[in-house]
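Here's the structure, in structure tokens; my notes come after.
All chains are identified by letter, namely A, B, C and D, in their written order; residue positions are counted from 1 within each chain.
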Amino acid sequence: MSYFVQVVVDGLSNGAIYAALALAIVLVHRATGLVNFAQGGMAVAATFVAFALTRAGVPVLLALLAAVVFGFVLGALLERGVMRHFERGDPDTAVVATIALLVLLTGASAFFFGYEPQPFPSLFPNRTFEVLGVFVSFRSIGTILVLIAVMVGLQLLFRSTKLGLAMRAVADNPESSALSALPVSRLLMIGWGLAAGLGAVAGVLVAPQLFISPGMLDFVLVYALAAAILGGLDSPVGAVVAAAFIGVAENLAGAYLDVVGDDLKIAVPFVAVMVILVVRPQGLFGRKTTVRV
Amino acid sequence: MTSTPHTVRAGALVATASIAVLLVSGCTRAESSGGLGGDGSSPGITDDSISIGISSPLSGPTAGPGSCTVAGLAAYIEAQNADGGFEFGDGNTRQVEFTYLDDVYDPARAVSNFRQLTDQGIFAYVGALGTPTNAAVMPIAEEEEVPQVLLTTGARTFSEDQEAHPWTTGFVPTYATEGRAFGELLVAADRPITVATLAQNDDFGQSYLDGFTEATEGSQVEVVASATYEPTDTTLDSQVTELAASNADVLLSAVSVTPLQVGVLTKAQSLGWLPSIFLPSNTSTPGTILQPGGAEAYPAVFTPSFSKNPNSPAFAEDEDVQAYNAAFEEYGSQIATTYTPHCTWSYAEGAVLAEAFAGMEEPTRESFMTALRSISDFQAPMLLDGITVDTTSDDEAAISTVELVRYDAGTGGFAPVDGF
Amino acid sequence: MATATRPAPAATTTPPRSVVTRAAAAVAGLAVAVVLVVAPLVSSPYINFQLASIMVFAVALLGLNVIMGYTGQVSLGQSAFLGLGAYITAYGVLNDWPIALSLLLSAVVPAAVGMLVALAAARLRGLALAMITLALPIIGVPLARRFDGFTGGSQGQVVSWLRAPESLGLANDQWRYYVVAVIALVAFLLVRNLVRGRIGRSFAIVKENEAVALSMGVSPYRTKVLAFTIASALGGLSGFMYLAVVQYTSPETLVFATSINLVAAMVIGGSASIVGTALGALYYVLVPVLAGQVNSSRTALISGAVLLAVLFVLPAGLVSLPRRLARRRSARRGTRTAPHDTADDAATPTSTDGSAPAVPAPAATTTDQHP
Amino acid sequence: MSLLELDGVSASYGHADVLHGVSFVLPDNGATGLLGANGAGKTTTLRAISGMVRTTGRIVFDGRDITGLGPDRTAALGIAHVPEGRGTLGQLSVRENLLVGAYRRRDRKQIAVDVDYCLDLFPNLRERVGSNAAALSGGEQQMLAVARAFMAKPRVMLLDEASLGLAPSTARRVYDAVVRLRREAQVAMVVVEQNANLAFSVVDDATVLETGRVALQGSSAELLGMDAVRRAYLGG
């Protein structure tokens, strides 16, 4: 029994990693209506700023704050200087522009810090505690608590603030939003800035586990996309729940299904996501929208 | 079937582009590589120069080790060039022209790079990292009779049958050699020992286990739990949890990804499982793996070692290490920003190359291969004392012995092993 | 007080296509053909390898363009079909199947797999569909490692085949080039005719607006399944060509990163454009080579910068370069060009080479409201 | 006193000119119509006023030259454009759409009152106040678009083809509400409408456009008295 719980707990702590980036994806999608492949690249660049600061002796928490600020500025600048050029055009072109940014940011991070993963100090004590025969690390608990706080914060931002409402309106239809006097370009900039700032939080949370490297989030991004889409893309709660589901499903399959094994356990959450999407295209927490002509 | 002006212009564009490709190539069939040069010498060698090439992953997930395979070799070569050049067996002294390309660990890209390098007229292809990439290149190297040597991969394919693959040799010990060394250590203890294994789901993990199994067959050493992982996994927590349930005496962790290996070390102790640990040579650097992973918590951490760690205080006074650090600072640090053991390996590989050049009596690839295959008992720089290069065996890599060492948390370095 | 005003001037007209432009087209086409036929005879094996690689990825991109460019459905899984095709071919060669059979199955099996996936997923739109296609390479890589009896596992499979028949006097690299060039030519001709016909029109309508498609009697579901099946078949076919050129396949062939790079190359070349597809393949193969010429340890930085630069200058892809230049010229001369020539590139991705059919206006907007 | 004045306004998309020197005047609390065939430039005229196309000439709103100002700026000045195709925000609920309309306003209490007023104006919307706009019927979306524009407390509303694709009775209800808005809230109107019967139920005068130029201008009565206009726009 405690083995089973341990496997679930491990799954949740994996899920927390996916959730961190998934929340940033949800944010940028709500704020700009785009899926942004550069999300991981921006998060890593900001996390490298924190990394450089901690190496210079700055406390992690302070470094995190600096990374968030850097992320916000980076995101806003990239929106202003690059993405704005593509916002009115073909969405495929805009998505490929985010791919270009990802490659560019990865290359830039590697230019300064190299490709090899390097240790990153944790915000939380590097210890575990035991509850009923199950071992839980402070890091996972801390990560999950921060994520829940971020999730609630995002939910409040989108549901209960004028800024959140305006950002959603702009993501939905920028041209029409402008007709209601919304400052569209500033809102898009803020949206990218917030998403990159949140990416910095995600990066600093997961870097102690994954080690910091330019490609740190490349594969996490795949899981995070799956979580964000499964969660309905617009719902912070949905993204977190879906990420937890993916982490746990993967681990349980690896532990209990011999046919699946460690090598194919990754297939389980993805096949599950496929099946769920086919049955429920709007995702677990997405609102059903019937589009009429 | 009408065409608009756009099609016309686009068509013209394609035509221009195609012609440009032709012009860029600028060469005709006559110049193609493979055969002998004009005066009986092979392509890529003159009286005062020789050109060699390498393709390794220099971007993407494997770029850390990949860059190091280039940086260390570049450091050795450029330092030697600056020091006057390389002495050859035919009496000439030559400068080595060194070209490296990025293949992102993509076999198609590696083949493209290999063909590009031979087209540019390299004499030999040296030190490339990566099993699939080198596997894709091997048949072409054979067909074109281009040396594909001293590869930084422990896969057996490149070393186990050199009669079948006369143009290919591996450099670092095969993964099986490392696994075998662990097995032998445990068998020598002559008591029942339980082992849990964690291996990468590819030839790296598999041959590691194969070597281990060969050595422990019929002994009192028993594998009681095993798990595999994909290099793309984000964490190995679930695998470690699964293995910890066995409570084995020993964990053989054939993990080649730095953060994952650290994760294994932290996770096992967090579950209260404290086995003796066996780590592969490529993921046992104290500064980046053992200290962050809290390796001091375990009763013992063993690793096969064959090279000196240039960052270890234990070697700070070592002449080899000082020369390496100076050369690397000057010529290698631009290519590889962060250290992996591959940096020292490829540096040592430069010395083996120099040794082969010294034995080369004619400026031909055949003579080079003969010289390269006749090196024995050669003490290359940066290799631990007692680890020698021997290329005469036709089923082993150039380095076929490893020394097991034990992590000493006190000094942050390694200490010799006198038994399990 | 009502005031009548001047009569309207004649509407702006499209310049008639002259005999000259047709001749230019013919000349350009002929030049390309001659270059493509003669090039391998005078080029080194390396150049021939690159040219053949361009053919390989051109066919993979062609498939991607059918589903993404022409039908408007994001696919992040094209590499999975490329890998599957390569594996089937390798299996066929190693088991002494006739090459024609390998060729056939390398397209048919991926097509069947693609169709199965599409049958389940084609009701989805946008990102949900992208998610499902993304899962294919993610699951495909460990599957390829697992079934090593079929795939050779993580070591991959070296397959030495397609040696030039001695009677022809061609070297292997030349022979392989001609084989893949013929396959690519046939694939391009078939797709070109397809997208210009009735099926191409239904692709375009589905891309434009699925609801409108329904109202015009075009089933978006069936159209998407068809497009996805064709895309998968072409992906598989490119796998056959891949094996012909690279002579090796391994799980690395189908990694997700390849799919992403293919999507980028497709957009860079030109969405919904046959010529653009070829240009995209040129970009896909040549930019890494050029990046290596500049600095091999900064390839990511260089290729990212190049990608972004091209998107900035030519958001509608390389295929729009001549149009851009023409506009520059006409702008400098101060003359006005015809409206169809000046529509915003980025806003009209379906008309890049004139081969995409026009989309009829939605029925609702043409309803006569007069009482 | 004129609220909005267009003087020789031309507009272009890229290199293609679609408006050539259009002029008209809208008095305070007035309502004017723009009539004309498809492609005559009616929609472009509205887009020129709200700053969605590149424009030359002079547009004066409330004594201020607004030529070249972007849509968010003109909207902030009190011009509410209800675009062709409605422009409702599909992923937002009906209430949220209304609140987006009131983005620039700070008077929170009055906003709540106005939301209520809109829901009275369009009882259909009250029933669906929590649903996503994308789930509404075409008629309901058009009502929402008008209501959202009203929420900005505009001085003038630009109404573009509000009856498009609607059943005649639904279109009638939309226009009834527009008439009420004009009367009760003193919103001036520029109405583009294919259906001249509906248009003339709101407007005092109208401008007829042909291929981007003003062909006719006059009061509703004058225009209705002209055979040509009746034939072209009233089917009689």
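The rule we apply is simple: a contact is a pair of C-beta atoms (placed from the backbone, for glycine too) under 8 Å apart; a residue touches a chain by one contact, two chains touch by 3 or more.
Please read all numbers here as calculations on a predicted model, not as lab measurements.
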| item | value |
| --- | --- |
| Chain at maximum distance from chain D, centres defined as averaged CA atoms | B |
| Highest-count interface - the chain pair sharing the most C-beta contacts | B-C |
| Length of the line joining the C-alpha centres of chain A and chain C, rounded to whole Å | 31 |
| Centroid distance [mean C-alpha coordinates] between chain B and chain A, Å | 35 |
| Distance from the mean Cα position of chain D to that of chain B, given in whole angstrom | 71 |
| Junction residues of chain A, two or more chains touched | 106-107, 110, 261, 263, 266, 291-293 |
| Contacts with 2+ other chains: residues of chain C | 142, 145, 299-300, 344, 364 |
| Interface hub residues of chain B, defined as touching at least two other chains | 59-60, 67, 201, 230, 232 |
| Residues of chain D touching chain A in the complex | 50, 52, 70-73, 75-76, 80-81, 83, 87-92, 96, 99-101, 103-104, 132, 134-138, 148-149, 151-152 |
| Chain A residues touching chain D - in the complex, by the definition given at the top | 162, 165-166, 168-169, 171-173, 175-184, 234, 287-293 |
| List of chain B residues in touch with chain C within their complex | 2-15, 17-19, 21-22, 25, 27-29, 31-33, 58-60, 67, 70, 100-102, 104-109, 111-113, 115-116, 118-119, 131-132, 135-136, 138-140, 155, 157, 201-203, 206, 230, 232, 334-335 |
| Footprint of chain A on chain C - complex, ascending | 68-69, 74, 120-121, 123-125, 127-128, 130-132, 134-135, 138-139, 142-143, 145-146, 211-212, 215, 256, 260, 263-264, 267-268, 271, 298-305, 307-308, 311-312, 315-316, 344-347, 349, 362, 364 |
| Chain A to chain C touching residues, read off their complex | 35, 37, 82, 85-86, 88-90, 92-93, 95-97, 99-108, 110-111, 214, 222, 225-226, 229-230, 233, 261, 263-264, 266-267, 270-271, 273-274, 277-278, 281, 283, 291-293 |
